[in-house]
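Multiple structures follow.
Two complexes come next, and they have one chain in common, chain A, joined by chain B in the first and chain C in the second.
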Partner chain A sequence: MSSVSAGASRSTLQRFLGGYGQEIVVLLSIVALFIVVGFVNPRFLSDTNINSIFAGNAYIAIAAIGMSMIIIAGHIDVSVGAMIGVIATIAGTLAVAGYPVWIAWSVPILFSIVVSAGTGALVAYTRIPSIVVTLGMLSILKGGLISATDGAWISNMPPEFMIAQMRPFGIPSAVYFMVALTILAALFMRYTDFGRAIYAVGGNMEAARAAGINPERSVIGVFALHGLFTGVAGILFATQLQVIQSTVPPNLELTVITASVIGGVSILGGTGTVIGSTLAAILFACIGSALIFLNVSAYWLRAVLGLLILATVLADMARRRRAQ
Partner chain B sequence: MKKMTLGAILGLALMSGSALAASAWTGGDDLPTSPLACDGTAGASAAMPYDGGSPTNPPDRKGKKITVVDIPKLIGIGYFNATTKGILDAAAELGNVDAKTDGPTKANIDEQITFIDNYITSGVDGILFAANDPVAIAPVLKKALEKGINVVGYDANATPDARQWFVNQAQFNGIAKAMVDNMAAEIGEEGSFAIVTSTFTTPNQARWIAEMGAYAAACHPKMKWLETVEAQEDNNLSFNQATTLINKYGDELKGIFGMTSVATPASAEAVTQANKCGTIAVVGLATPNAMKPYVEKGCVKSVVLWNPVDLGYAAMHVLRAVADGTLVPGATSVKAGKLGDLQIINGSEILLGAPYVFTKDNIGQFDF
Partner chain C sequence: MTASKLLRHETILAVLTIIALAVLASLSDKFFTAENLLNQGRLMSEVGLVALAMTFVIVTGGIDLSVGSILGLTAILLGVFWKNLGLPLPLAIAGALACGTFAGWVNGFIITRFSVPPLIATLATLALYRGLAEGISEARSVRGYPEWFYVFGQGEILGVPFQLWILGIATVVSAVILGLTPFGRATYAIGANETAARFSGIRVHATKLWIYTAAGFVSALAAVIFVSRVTTTRSDMGTGLELDVITGVVLGGTSIFGGRGTIIGTVLGLILIQALKNGLALSGVKGDGTIVVIGLVLIGAILIGAMFDKNRGG
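Let's turn to the complex of A and B:
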C-alpha cells in the first residue's frame, strides 16, 4: 500500500517537474542569484532594493503575460514596446488635460485592446504572418507617436494619476498588479475553455478546428487579451516617473519576448505558462540590478540574455525531440 | 593545448580590459584632456589660423542699418524662443539692426535650406543659423557668402568654410569644471559620487566624463568616484540604474552626476522616490523645464547648461561686429555688449563663456 502511494506521489512529482521544468529552473536561478549577490553585497537583499527591482520591472512581467499567450497561440507581437509608449502618451495627455484619472487609465487600455484585436483580426483572416503585421504596427505606432507629440515630453501629471507610485501596505502597487494578473492569467489558461483553446490553436491549428474550436475567433480573442495586459503595463509604465518620454522605449519588445521565451513558452507555440514568463521577467530585473552590485558592465546584460535565450530554445528543442 | 592557449588569451584579454578601465573614470574616452585651471582663468588654447569663410565683395555696412534673419533648427520650441529673445534684445540694444527669426517648424534640414535660400533671394545683410546638419547646410550658406551676406552660426555648427564665425555655447572642459565644482560645493571635497550616462561610447558624454575626471584629479583630488552606469537615453532605465546605485552604496553615495537630459531628471526622480532629497545631491546636464519640479522642491540645487538667451545675444553682437569690420580673422576676442569680451578659440569660434547654472532663483525665468 505504502509503496504504491510512494510510486504515485513520485509520478505526480515527476509530472509536476515535467510540466513546470523551465519555471522551476528560472525560479532556482533567481534564488541562486539572490544568494550569490547577497553574499557579495548584503545590501542587495535589503527590502528597498527588492522593492525597486520588482516595482521598476513589473510592467515588463505584465506585458510578458499577454505576450506569452500570443506566442502560445502560435503568433508573436513585435509592436508591444511601441504600443506601451503610445498608451503612456495617451494616458499622460488625458491626465494633464484634466480628465478624471479613471478615464486617463481606462481609455488607453481600451485603445490598446481595440487596436490589438484589430491586429489579431488581420492576422487571423488574411493569414499574413503575425510578425509582418505587427512589424507594420510597430512602424505606424512609432511614427504616429513622434508626429503627434513632436518629441515633447509630458510632465506635471496630477499625483492621483500616478498609480505605480502608490504603495499600499508599503509594497509598490505594480507588484500587486503583477502577482494578481499572473495568477488570474494562469488560472484562466488552465481552467477555461478559451484558455485551452489557445494552447490547441498554437499546437495545431487544423486539429483545433477539427475539435470544434474556431481558430480565427481564438486568435482575435488572444490578441484582445494581450491588448489588455499591454494596456495595464502601459499605465504602470506611464505612472512610474514624473515625466513621460515621447519616444518609444528602446528594445522593450525584445525584453518582453525574451521573458516569455526564457520563461518556457515555446517559440513554436502550443506550450508554456504565464507563470514562467513572470518569473523570467523577475530574473532579468534581478540580473540587471546584480550586474551593478557586482561591478559588471551593463553590456553583459544583453550577452547574458542572449545566452539564456539560446540555452532555453536548445532545451526546448531537445525536449520536443525526446517527446517524439 | 589549444584550449589552454585560448583560455590564456581570453584571461589576458579580460585582465588588460580591467586594467584599462581602472585607469580613469569609466565612461570617459581616451582622448587627451585639457582641464581648466581651478580658479577658472581661461585655459591657454593653441592659436589656430582663421578657418572660416568670407563673403564675396560685401558692401560697406559699417555703422549702417542692417537686416538680419535668424534661421534656427526649428521655431516654436522653448529653446529657440530663448535664443530669439537674446537676438532681439541685442538688436534693440544696438539700435541699427532689424532682426527677425524665421524657420521650419520641424528640425528638418531640407526645409531649413529652403528658408535660407528664400532669404538670400529676398536680400538680407546677415544670416544667423543653427544647423540641422553641418554638411548639408554648407552649400546654401556658401551661396549666401558669395552674395556678400555675413553669415554667423550658433548652437549647431556648419563646416567652418561655409560661415564666417560660430558662437560655441560650451566647451567640454568648461562644462566639466562647472559640473565638478558644483558637486564639490554640495557634497564636500571628500564626498563620493556616481555617474549615470547614456553609453560609455556616446561621444559627447564620454568627452565630458574624461574632462571631469581630469579636472577633479587636479582641483578636487579627494572626491571619490564610485562608478559609472549606462542608461541609454531611456527614462525608465535611467531611473532604475540610479535607484540601484542608491541601494548599492547606501550612505556612502553622496552625489549623482546625470550626463544627459534624460539621466539627470530620472536620477532626481530616483533620489526623490528613495526619500534621499538633501542627502544625495544630483548635479547634471539638463534642460530647465524637465528639472523645474526637482529644483523648486529643493531636491536638486544645480543644473548645468548654457543660457540660450545669452547665446542668441552673443551671436547677434558677433554678426554686427563682422558687418562693421571690427571682428576680423586673427582677432583673439570680440566685444559682446553686457557679456563683455568673449574669447576666440579654434580659429573661427567664439566661446560663450562659462556654462550657466540653473538654480532655484533663476530656473523660473526659462521655458525650454
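Let's turn to the complex of A and C:
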C-alpha cells in the first residue's frame, strides 16, 4: 500500500481510512443496502430477517477469517467446504451417539486443527503449492465423508448440542461468535508477532526468513489457526438446522474464498484484514436476502450476485490503480 | 531446459499409469476389455477437452475456475435456442458454441484489460455464468432432442466413440501448438516471466485472450457432447468440473505457477484418474472411495515429482 509512505503529511484519520479502504467500501455498501431495501420493503429491516441474515451466515464469515489468514500468508485452501461437511458430520454423529456435548463440539474442532496443520506441514516443507495439496485434501475429505456415511442424514440431535440455535439476550449465539472471533483475529493479526509474521511470510518468504522469521513454522501455524476457525464454522453449520445432510455443501469453498477476496485480501498475499472478510460475508448475505425482498426471482439470485462480485472486483482494481 | 528434464514427471506418471492399469486389470477381468476401455474414453472426453485448454491456461500462470459454469450455461442455451426460440438444432448448437466461446473471451478480456488476477476474475464469472444458466432455465430441463443429435455423445465411428475422435484430434492439435509453434513458446514465456516476455516483444495480452477464449470454446464443445450423452439439459451440469480438470492437469505435471507443463502429461494424468475411478469401482470399491484414492494419488505423484527434482514447485 502506497499510503504508508505518504502517511507523514496526512492526518491520523486519513491514514486510518486509507489503510481500510476496501473495508470501508464494503461497510458503506452494507449500510446503503439496508437503507435502500428497507425503504422499498420495510419488512427487510424486521428483527427476524436481520437475525436470519447474520445468524444464518455467521459460519461463512468465521470460515472466511481463517481463509483470509491463509491467503494473507500467500496460500489458499480449496478444501474448506469439504472440511466443514466432515466436521458437521463428526459432531452430529458424536452427539447422537450420546457423548457429552463438549466432546461432540471439541473433537471435530481438534480434528480440523490437526488435519489442517498437517496440510500446512506438507505445504511448508515439500514446497508443493497449497492449491494442489488442498485439491487433494478436497478429494480425500469428500470421498471419505460420502463413503463413510452413504449420504445418510443425521437428525434427533440433543437440544443442548444445538449451540447455533441458542439465543443469549435474544441474539443468536452465532452472531456472538462471529463478532468475537473477528475482533480477536483482527487484534491478533495486528498486534502479535505471529500475526505480523503471517503478513511478512505472505509478502516475501525469503525476506521474512532473513528477518528472523521461521517461514515453515509460520505456515504450519497459520494452517492450524485456519483449522480452528473452520472447526468453529463447522460446529455452527452443524447446529443451525435440525438435520445434518452429511454431504459436502456445494460451492462453499468458493463462497468463503470470495468473501475473503472481496473483503480486501489480496490473492497475491501479504495484505488485507480479517475485518474486511467478515464484512464481505455479511454483504453477500444481505444481497441474497435483499433480492428476495425486492421480488427478484430466486432463479436469478446467483446471476445478480455474480455480477455484483464482478463489479466489486473491477471497482477495486480501478481504486488500486489510482492509488499507485 | 533439456528434454530429459522436461520428460521426468511424464515418465514417472507413465510408469504409475502402467502399474495402475496392470494392478486394476489383475483385480477385475472386466477392466482390460476393449469395450470397457472405449467406454471409459467416452466418459473422460468432456473433462479431457477442457483439460487441454486448461493446460495452456495454467502454463501461462493463470487458472480458469469458470469452465464448469460455461459448460452449464452453454448446455442451457442449446436447449433454450432449440426448444424455446424454435431454432433448427444445428443453428442452436452453433449459437450455443458461440456464446460459450464469448464467455471465455469475456474472462480473457477482464483478466488482460483490467489486470484482474485470473483466480478472482474467473471466481466471479463462475458465479455469474452459473447464475445466468439458472436464471435462463428456471430449473426446467430440456429433453426430446432428435435422434441424430445423440451421435455426438453416444455414436461411434469405426467402433470408437465419436467424442474420443474429437478428443484425439484436439489432443494432437493442442500438443502441436503448445510444443512446436511460436504461440506455444509464447505461452511458456508468459508463464515463466510475464514482464520479460513483454519486453521480448511477445504480445502477452493477445496470447492470453486467445487462450481464455479457447477455454470457453472447448467448455462449450464439452457441453454439446455432455447434453448429447445424457440426452437432457439441466442448469447444474458441469458443477465442480473445474476441480476435476485442474486435478488432471496438475497431476500431469503442469506447474501451477506457470512456465512448465505438457499436453502429454495432461493426457496421462487424465488416463490415470479415469482408470483409477473405473478400475476401483469394478474391483468393488464404493464410488466415493475412489475419490479418496484420486486425492492421495494427486498428492503422492506431485510429492514423488518434487523428490526427483528439488527445484520444482516452491
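By definition in this document, the second predicted complex is superposed on the first by the 286 of 324 C-alpha atoms of A that agree within 3 Å, B and C clash if a C-alpha of one lies under 4 Å from a C-alpha of the other, contacts with A are read in each partner's own complex, and residues count from 1 in each chain.
Note that contacts are C-beta pairs under 8 Å (C-beta built on N, C-alpha and C of every residue); 3 or more make two chains touch, one makes a residue touch a chain.
Worth saying up front: this structure is predicted, and the values here are computed from it rather than measured.
J.: By the touch definition at the top of the document, which applies to A:S155: first (chain B), second (chain C), both, or neither?
T.: first
J.: Mind working out whether A:Q240 is in touch with chain B, chain C, both or neither, as first, second, both or neither?
T.: In the superposition, A:Q240 contacts chain B only.
J.: After lining up the shared chain so the two structures overlap, which partner does A:T182 touch, if you call chain B first and chain C second: first, second, both or neither?
T.: A:T182: touches no partner chain.
J.: Per the contact definition in the header, classify A:S112: touching chain B only (first), chain C only (second), both, or neither.
T.: In the superposed model, A:S112 contacts neither chain B nor chain C.
J.: Is A:L307 touching anything from chain B or chain C once the two structures are fitted on A? First, second, both or neither.
T.: second
J.: Determine, for the superposed model, which of the two partners chain B and chain C contacts more residues of chain A.
T.: Higher number of touched chain A residues: C.
J.: Using the superposition on chain A described above, determine whether A:F293 touches chain B (first), chain C (second), both, or neither.
T.: After superposition on chain A, A:F293 lies in contact with chain B alone.
J.: For A:N57, using the defined touch cut-off, is the partner it touches chain B, chain C, both, or neither? Pick first, second, both or neither.
T.: Once the two structures are laid over each other on A, A:N57 reaches chain B alone.
J.: Check the residue A:P250 against both partner chains and state whether it touches chain B (first), chain C (second), both, or neither.
T.: both
J.: Does the superposition put A:K142 against chain B (first), chain C (second), both, or neither?
T.: second
J.: Overlap the chain B and chain C contact sets on chain A and report the shared residues.
T.: On chain A, the overlap between the chain B and chain C contacts is residues 250, 297, 299.
J.: In their shared complex, at which residues does chain A touch chain C?
T.: Those residues of chain A that touch chain C are 78, 122, 126-129, 131-133, 135-147, 250-251, 254, 257-258, 261, 267-268, 297, 299-307, 309-310, 313-314, 317-318.
J.: Residue numbers of chain A touching chain B in their complex, please.
T.: Residue positions touching the partner: 41, 43-44, 46, 48-49, 52, 56-57, 150, 153, 155-156, 165, 237, 240-245, 247, 249-250, 288-289, 292-293, 295, 297-299.
J.: Please output the residues of chain B touching chain A within their complex, sorted ascending.
T.: Its residues touching chain A are 106, 200, 227, 229-230, 232-236, 239-241, 243-245, 247-250, 262, 265-266, 269, 273-274, 289-290, 293.
J.: Going by the contact rule set out above, which residues of chain C touch chain A in the complex?
T.: Contact set of chain C toward chain A: 65, 110, 114-117, 119-121, 123-132, 134-135, 137-139, 239-240, 243, 246-247, 250, 256-257, 286-296, 298-299, 302-303, 306, 313-314.
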